[in-house]
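In the two complexes that follow, chain A is the common piece, with chain B as its partner first and chain C second.
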Partner chain A sequence: MYEGVVQDLIDELGRLPGVGPKGAQRMAFHLLAADPEDITRLAEALLQIREKVRFCEVCGNVAEAERCRICLDDRRDPSMICVVEQSQDVAAIERTREFRGRYHVLGGAINPIGGVGPEDLRVRELVARLADGEVAEVIIATDPNLEGEATATYLARLLAPYDGVRVSRLASGLPVGGDLEYADEVTLGRAFEGRRMISTGPTG
Partner chain B sequence: MPTYRDAAIVLRTYKLGEADRIVILLGRTRGRIRAVAKGVRRTSSKFGARLEPGMVVDVQCYEGRNLDTITQADGLAPYGEAISHDYPSYTSASVMLETCEQLTEEGAPALQHFRLLAGGLAALAAAEHDPRLVLDSYLLRALAIAGWRASFADCARCGMTGPHRAFHVPSGGVVCPVCRPPGSTAPAPETLALLSALFTSDWSVADASQRRHRSEASGMVAAYLQWHLERGVRSLRHLERTP
Partner chain C sequence: MHLSHLGIADFRSYPAAEVDLGPGVSVLLGRNGQGKTNLVEAAGYVATLASHRVAQDAPLVRAGADGSAIIRATVHRDGHESLVELEIVPGRANRARLNRSPLTRQRDVLGTLRTVLFAPEDLALVKGDPGERRRFLDDLLVARQPRWAAVRADYDKVVRQRGALLKQAAHLWRAPTRRTGGPRLAPGESLEEGRAAALATLTVFDDQLAQIGAALLYARLRLLRDLRPYLEQAYRTISDSGTHADAAYRSSLAPGSPVAEAVAAGQVPEQAELAAAILESVEAVRTQEQERGVCLVGPHRDDVLLALGDLPAKGYASHGECWSLALSLRLAGFHLLRHDLGTDPVLVLDDVFAELDSGRRERLADLVADCEQVLVTAAVAADVPERLLGDGVRVFEVTLGSITSRSGAGASA
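This part shows the complex of A and B:
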């Protein structure tokens, strides 16, 4: 136990996800020894995240205005919406540079044991985005775990009646750079299910 | 550190740190187990896919002071995978897994609960019956294993031979006209027959039941479950019936 503000800082840092008491103590003493300018910059960044960051009114991604930079970008394809669980997933997909459509952040996955149902997610907002008929494909990119799969099942069923809207799911399968013999049966099973043709043989 | 191996059903998982999970399992011989599975949230994990709720696995763990650590997991029956592709089955399985967690204790062997849950998940994965019927059958039998067997024929208070019309949750089932306390309900005789069939796994009767009797039976089972469990079952709120 330390006195006053040092202990307060350790307590606050210890509340961050993945930070234990020892880690919080180490960070606090690192900050005590750090350049005052660095500390001021960190403090300003923390204040600004509170003041400036909000959630995009269209897709639910983090933004510094009413709409995020992706929703404001006219070059993005408005006919494709990629549905993800959280904002971090948007950043992961953006790193691939494969997808040029827009996003929809659900804010989690359906998890009845955890008390999260469809009404706790941004499902209604997703349905509202389909109302203008501009969207032709919804790509469901929820996590490949039980909750993510069940959420995808729920959304696929919910969106099925919408004419002209295709609903697809990200492929699951073998990680690049791995050995086939180490793949678990669930992943390998999905890789077989989602296999694609690379040759159809001679035609005619 | 001592290691052990057991067949187990994954009941629930929590995120831990950057890429780990705390996994709650029901071991065939060891009862409820709390263990850490390191690195399973990474896509490169060798056994992360097997440690999803509803999966039956053969796990190897080493004992820790508070939490055990999973070192290996082989799949025995990937029920969770099939269940996640049918939403009513998924919500039913969630109630089953949460109820099982509440009815079992850490370190106390619960072989009957293990068998019942494995059977229930297999039935949901096979999709041969309405998921809600499978769930109600599971709940009635799980509560009976826990010592709260409901009576659907003889009076739950005095034992007078039935059939009786009145049902009273706190009394433990149907009650005779003499014992009938205030607040008893009078379900349809077909509903009581359905509940009895679900308890004894008479699927020919259960599958032939009408929707309104299924709905009434589900309500009674849910009330019976919530009455006996100290904590409410959160997932019941999100339960979805088959249209």
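This part shows the complex of A and C:
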């Protein structure tokens, strides 16, 4: 145990995800030895996320205004919505530069053990976005685990009655640049299920 | 396959121990509480990543040790040698290395060593709860094809998620009482809307239960179909009687449908048919599930009915017959794996001989004589049939956590 403020700082840092007591102690003493300027910058950044960062009123992504940059961008295709669990997933898909539509951040996945049901996710907001008939495809990009699959199935059933809205799910399969022999059985099994024809043979 | 070396550190009662093993029979002798079973438990842990005695890892680490236990096992198969190293850290992920390179997933160790272990606890296979028999089948599935470990874990998770959901929603279907004052609802939500919303979420998990449950059920049914001839044969040899031992799958599917009938008759329907049957059965118990808040249908509610002749073993068989039947189940597993893998798993007989009469002892000794490697533990040499103590057999004396070799078959410890 350290005295007063130092221990307070260690306790606060220790509450962050991925930081244990030893790591927190190391960070605290690093900060004690750091330039005052660096500390001020860090402190300001911390204060600003509280003040400035908001969640986009349309898609739920982190934003600095009422709407996020993607929802404000006119060049994005409004007929496609990609549904993800969290803001980090938006950043991951943006890095691909493949997708030019808009996003919808659910804020998690259905997880009854953790007490998260559809009403705790931004599902109602998603349905509201389909009302004007502009959306032609909803791409469900929840995590390929049990909770993510459950959420995907839930959304697929919920959106099925909407006319003119196609619902798709990201493909599962082999990582690019990987070796077949190192793939686990489940991934390889899914890759078989989702295989693509590259030649159908001469017809007739 | 066989184990040529087993090393442990801070495992159970041992600060450190090394044993050189080899093909053929190895006998560990020692009075009760000296640590014979701990050694074979370590071998079993390398094969299944779980102990056959306890569900948690904490008791495996030596009391007073610094947090983790280590097992090293050298496995020979078809002239090929692999070294498995496991560090057991209770409450955290174990670390695993195969041939000195670290594995990202501990599960990848499965399949390197395969063991079939028979221990006094196995009497519960016959006399115990259905859960014991389900675990027997599922463990054997994983030993046969390690990929089933993932399906099994997924299924457990689906059942827990769905159970949590049923519990949370149970209040919506209960009649309001004075104490609870009716169900809790979101503001502005009617009871009908609340029920519809809960049902919509539940349906999603019905689907998952049916899909993953059908995969597990299909695998279990095929396994049992393959196992039955070996079981019958093993029981006939061990008991030296004409009594026919059999095992039948008892599913929790709603009775009456063609698929449920086929399962009851020992047939293996297609996986898709099983999934549809699970969904139908879930529908049939919907009200009960909603009232009780428990998952009532699926492989986690199934059982295996063991029978001797025309009578169920549970409740009818004598103590000796139960022993023979439990032993026959393990031996059947051994022969199935031998047939599948093209190599023998390591057979472990933990404190078995003391429980058998002399006729059964001798017949068991005959049965195991041609196995590639057999590890036997016993309190006194007199319990072990003489032919298993003959020339070329490694005999070790275990006293208070130290192991000494008694006979010269090139072993040193």
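Keep this in mind: the second predicted complex is superposed on the first by the 199 of 204 C-alpha atoms of A that agree within 3 Å, B and C clash if a C-alpha of one lies under 4 Å from a C-alpha of the other, contacts with A are read in each partner's own complex, and residues count from 1 in each chain.
Assume a residue touches a chain if its C-beta (ideal position, glycine included) is under 8 Å from a C-beta of that chain, and two chains touch if they have at least 3 such contacts.
Here the structure is a predicted model, which means the values were calculated and not measured.
Undergrad: Given the superposition on chain A, are chain B and chain C in a clash or a fit?
TA: Pair status: clash.
Undergrad: Could you let me know whether more residues of chain A are touched by chain B or by chain C?
TA: Result: the larger residue contact count on chain A belongs to B.
Undergrad: Once the structures are superposed on A, label A:Pro112 by its partner contacts, choosing first (chain B), second (chain C), both or neither.
TA: Both: A:Pro112 reaches chain B and chain C.
Undergrad: With both complexes overlaid on chain A, does A:Pro175 touch chain B (first), chain C (second), both or neither?
TA: In the superposition, A:Pro175 touches chain B alone.
Undergrad: Given the touch rule stated above, what does A:Tyr103 touch, chain B (first), chain C (second), both, or neither?
TA: neither
Undergrad: Looking at the overlay, does A:Glu185 come into contact with chain B only (first), chain C only (second), both, or neither?
TA: both
Undergrad: After the superposition on A, what does A:Arg157 contact: first (chain B), second (chain C), both or neither?
TA: both
Undergrad: Just chain B (first), just chain C (second), both, or neither: which does A:Gly18 touch?
TA: A:Gly18: touches chain B, not chain C.
Undergrad: Give the stretch of chain C that clashes with chain B in the superposition, choosing among 128-136, 236-244 or 308-316.
TA: Stretch flagged for C-alpha clashes with chain B: 128-136.
Undergrad: Both chain B and chain C touch chain A; at which residues?
TA: The overlap between the chain B and chain C interfaces on chain A comprises residues 110-113, 115, 117, 146, 149-150, 153-154, 157, 184-186.
Undergrad: State the interface residues of chain C toward chain A in the complex, per the touch definition above.
TA: It comes out as residues 105, 147, 150, 154, 157-158, 160-162, 164-165, 168, 186, 197, 200-201, 203-205, 207-208.
Undergrad: What does chain A use to touch chain C in their complex?
TA: 110-113, 115, 117-119, 146-147, 149-150, 153-154, 157-158, 184-186
Undergrad: Where on chain A is chain B touching in the complex?
TA: Within the complex, chain A touches chain B at residues 18, 110-117, 144-146, 149-150, 153-154, 157, 175, 178, 182, 184-187, 189.
Undergrad: Which residues of chain B touch chain A in their complex?
TA: Touch residues, chain B against chain A: 12, 17-18, 43-44, 46-50, 52-54, 75, 78, 80-81, 83-87, 90-91, 94-95, 97-98, 234-235, 237-239.
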